[in-house]
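Look for chain A in each of the two complexes below; its partner is chain B in the first and chain C in the second.
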Partner chain A sequence: MLFGFEWDTTNGWTLAVSILPILMRGLWVTLQATVLGFAIAMVLGLVLAALKAAPSRLVSWPARGVSEFLRDTPLLIQLFFLYYVLPEFGIILPAFLTGAVALGLQYSAYLSEVYRAGIEAVPRGQHEAARALNLAPRRTFSRIVVPQAIPRIVPAMGNYLVSIMKDVPVLSVVTVLEMLNVAKIIGDRTFNYLVPLSMVGGLYLILTLVAAQGVRRLDRALPKTGIPLK
Partner chain B sequence: MTDPIIRFDKVAKRFGDISVLDGLDFTVSRGEKVTIIGPSGSGKSTILRILMTLEDISDGTVWVDGEPLWHEKAGDGTLKPASEAHLHKMRGKLGMVFQSFNLFPHMTVLRNITEAPVQVLGLSKPEAKDRAMGLLDMVGLSDHAEKYPHQMSGGQQQRVAIARALAMRPDILLFDEPTSALDPELVGEVQEVIRKLAYEHDLTMLLVTHEMRFAREISDRVCFIDKGSVHEEGAPEDLFTAPQQPRTQEFLRAVLDG
Partner chain C sequence: MDEMTWLDYLPVLGQGAWVTVQLTVWSTLFGALLAFAAGLGKLARNAAVRGLSVAYIEIFRGTSLLVQLFWLYFALPLVGQAIGINLRLPPVTAGILALSLNIGAYGAEVVRGAVQAVTRQQYEAARALNFTPRQTLFRIALPQAIPEMMPPFDNLAIQNLKDTALVSLISLADLAMRAEQLRNYTQDSTTIYTLVLLMYFGMALVLTAFMRGLSSMVGRWRPAQR
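Coming up: the complex of A and B.
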């Protein structure tokens, strides 16, 4: 029994049907971790991209260093650090939050590169036209650069959204009850790993296909020339 | 040459080790239409880009409307490098039409033209729209206000770009090879608009082009630039029919035969 649901071990099929509601609990946690982690990554990534593009090297170099560190060290190490080391300094976060922050931190480094590439892909002529018209730099950024950068950013962002979802099972090592962890517990208790793990694989496949399809639709819905301003 | 609105005083421009402008002296009078010709890499476009503050200068002084463009006067009367506020003020006197139009692809034609008048000059939206519609009428595109640039031909886009530059009411309008990116059959409609501007407005116009016949037709004066300085200048009928310098003769022979 888990989360108040009993399982039926008569055969594989009855087991599958009976544990589906339990796995759904895990799936819900997986989705929450994905969304929260990605939200953190989107915001932090933007901050990191802005810092890396700062004119002062005193700002841009440390930002680049942090970004490299986050990208080039394994997620698991970052997660352990947040979960086991921070409490030594009196910072104790719930496991779920720790996991979401770890995902958010690592992906913020990836997304900062996505933002940078999207912004740099806006042709120089657009900046020059804006300058010739005397538009203020901030106005140029918000009204000329960002609307043209978004259609270039969205597809790459979508790939990272799928990727962050596939990294959520790593959080099981710090006791987060996401889908894989739930399946493993069911396996431990029923001595049947085949059924729950197969189901997790299948559910993941459905999730990623749906997400990829959503991203493709969004990409197609966005005009290639930029977000229209009438 | 009374009342120069533009004056280059021993201006040098270097990109790393490459010298693009080398001690350039050059003036344009108020209301004058001047065409700059010369081989590619001679620094023609750089002159326009310096005026539009898209490139800074390495040495010398540029004067626009009696004020230094890339400098401002310090308290003791000496010149110090210009602040962004000074550049902002000076840019208001100039407008530019680019070779590749550089319209904002995510904005309608109307929005392309009204954006800066509203944001920079502080016009109300109806005022800006009135001004834009008047200019679109002038360039023959009043029916196209709600279109996006990609729905138009290159010639139409360039005419919109001219209207967009004029909407800021500049004293000086810079044309950087405005017809070079166009299919041959679209060159005429853009030249027609520029011709009308040259004949009917007291705007100061500075044009970089490879269209010699057009240059001859609309210019008060033609400047031949080579290796970063003015090699020869004069009224179009003189320069085109009886160039004095061997380099000018050679260049004109090459482009007019080709």
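Coming up: the complex of A and C.
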């Protein structure tokens, strides 16, 4: 029994049906961790991108170093670091939050590159035209560059959202009860790993295929000429 | 017993790092083979080959690596039991298999994209010169496509290095596992995990340097660009 649901081990099919509600509980946690991790990554990624683009090398070089470091080290180790080291400095977070922060940190480095690429992909002619029209740099950025960068940034971000979802199972090592961890517990208790683990695989496959389709649609729906922020 | 300092951690972590290096090398090599097989398979004329390649790519890109690893390690033996074959894999086999299959699926899309990016005129010219399909692939398409694959392959190799940390969860004594053991023993989390992060970072830098070298090697035939 888990979360108040009994399982029926008569055969594989009855087990599958009886544990589906339990896996759904896990799936809900997976989705929450995905969204929270992504939100953190979006904000931190923007900060990193801004720092990396700073005019002073005193700022941009360390930022680039941090970004490389976050990108080149395993999520699992970053997670353990946060989980075991933060409490030594008096910061005690619930496992779920620690996990979301770890996801956010790792992916902030990826998203900072997405922001940068999106902004750099706006043609130079646009900057020159804005200058010719005597727009202030701030206005050029917010009214000319950003609206045109968004259609390039959003699909790439969608792909990273899917990647984050696939990395959530790593959070099981710090006791977060996401879908894979739930399936593993069911396996430990029923001695049948095949059914729960295959179901998790199948559910992941459905989720990522649906998400990929959504990203493709979004990509097609976004006007390539840009989205005004008003 | 004397207090352990960070210098005492290094031999233990070094052992783990060596396992991580071996896992990375083997799974990247097998992954590359799978990437070429599935990437070219997806472009094959034979519908069965194409279907198999697409199924492989979608399944392994569409599910989480950790799910794949657990499935191969915990669930596969049960499949074997049902059909009467012993499919109980040792952790190292399950680990390398899962890592290769996973990274190979990502690599397959890179291979497919790069081969498709070779211009149509190249294929037409090969046809006009009476090249066989095999010659066209090996003499015309791949030499042009492989250098284009190198930057994404570099990223995938790094991703693979990072992913090897997950095999510690099926009891393989890699760097991540050694770190966990040391932490249990000394409770000195800050030093241990800082060291381990730096070691992974160092390995990633070496791997990137190696991939850069490989990249200039496979692109050697091309006239200098830019």
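Following the convention adopted for this analysis, the second predicted complex is superposed on the first by the 227 of 230 C-alpha atoms of A that agree within 3 Å, B and C clash if a C-alpha of one lies under 4 Å from a C-alpha of the other, contacts with A are read in each partner's own complex, and residues count from 1 in each chain.
Just so we're on the same page, contacts are C-beta pairs under 8 Å (C-beta built on N, C-alpha and C of every residue); 3 or more make two chains touch, one makes a residue touch a chain.
All values derive from a computational prediction rather than experimental measurement.
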| item | value |
| --- | --- |
| Which of chain B and chain C A:125 touches, first, second, both or neither | first |
| First (chain B), second (chain C), both or neither touched by A:81 | second |
| Chain B versus chain C as contact partner of A:170, first or second or both or neither | second |
| Contact breadth on chain A, by residue count: chain C or chain B | C |
| Partner chain(s) touched by A:133 [first = chain B, second = chain C, both, neither] | first |
| First (chain B), second (chain C), both or neither touched by A:72 | second |
| Which of chain B and chain C A:209 touches, first, second, both or neither | second |
| Which superposed partner A:198 touches (first chain B, second chain C, both, neither) | second |
| Touched partner set for A:221, first chain B, second chain C, both or neither | neither |
| Footprint overlap on chain A, where chain B in one structure and chain C in the other make contact | none |
| Interface residues, chain C side, partner chain A - complex | 58-59, 61-68, 70-71, 74-75, 78-79, 158, 161-166, 168-169, 176, 179-180, 183, 189-190, 193-194, 196-197, 200-201, 204-205 |
| Complex contacts: residues of chain A adjacent to chain C | 68-69, 71-78, 80-81, 84-85, 88, 165-170, 172-173, 180, 184, 187, 192-194, 197-198, 200-201, 204-205, 208-209 |
| Chain B partner contacts - residues on chain A that touch it in the complex | 123, 125-126, 128-129, 131-136, 139, 143-144, 147-148, 223, 225-230 |
| Of chain B, residues touching chain A in the complex | 52-54, 88, 91-92, 94-96, 98, 100, 102-108, 111, 115-116, 119-120, 148-150, 164-165, 168 |
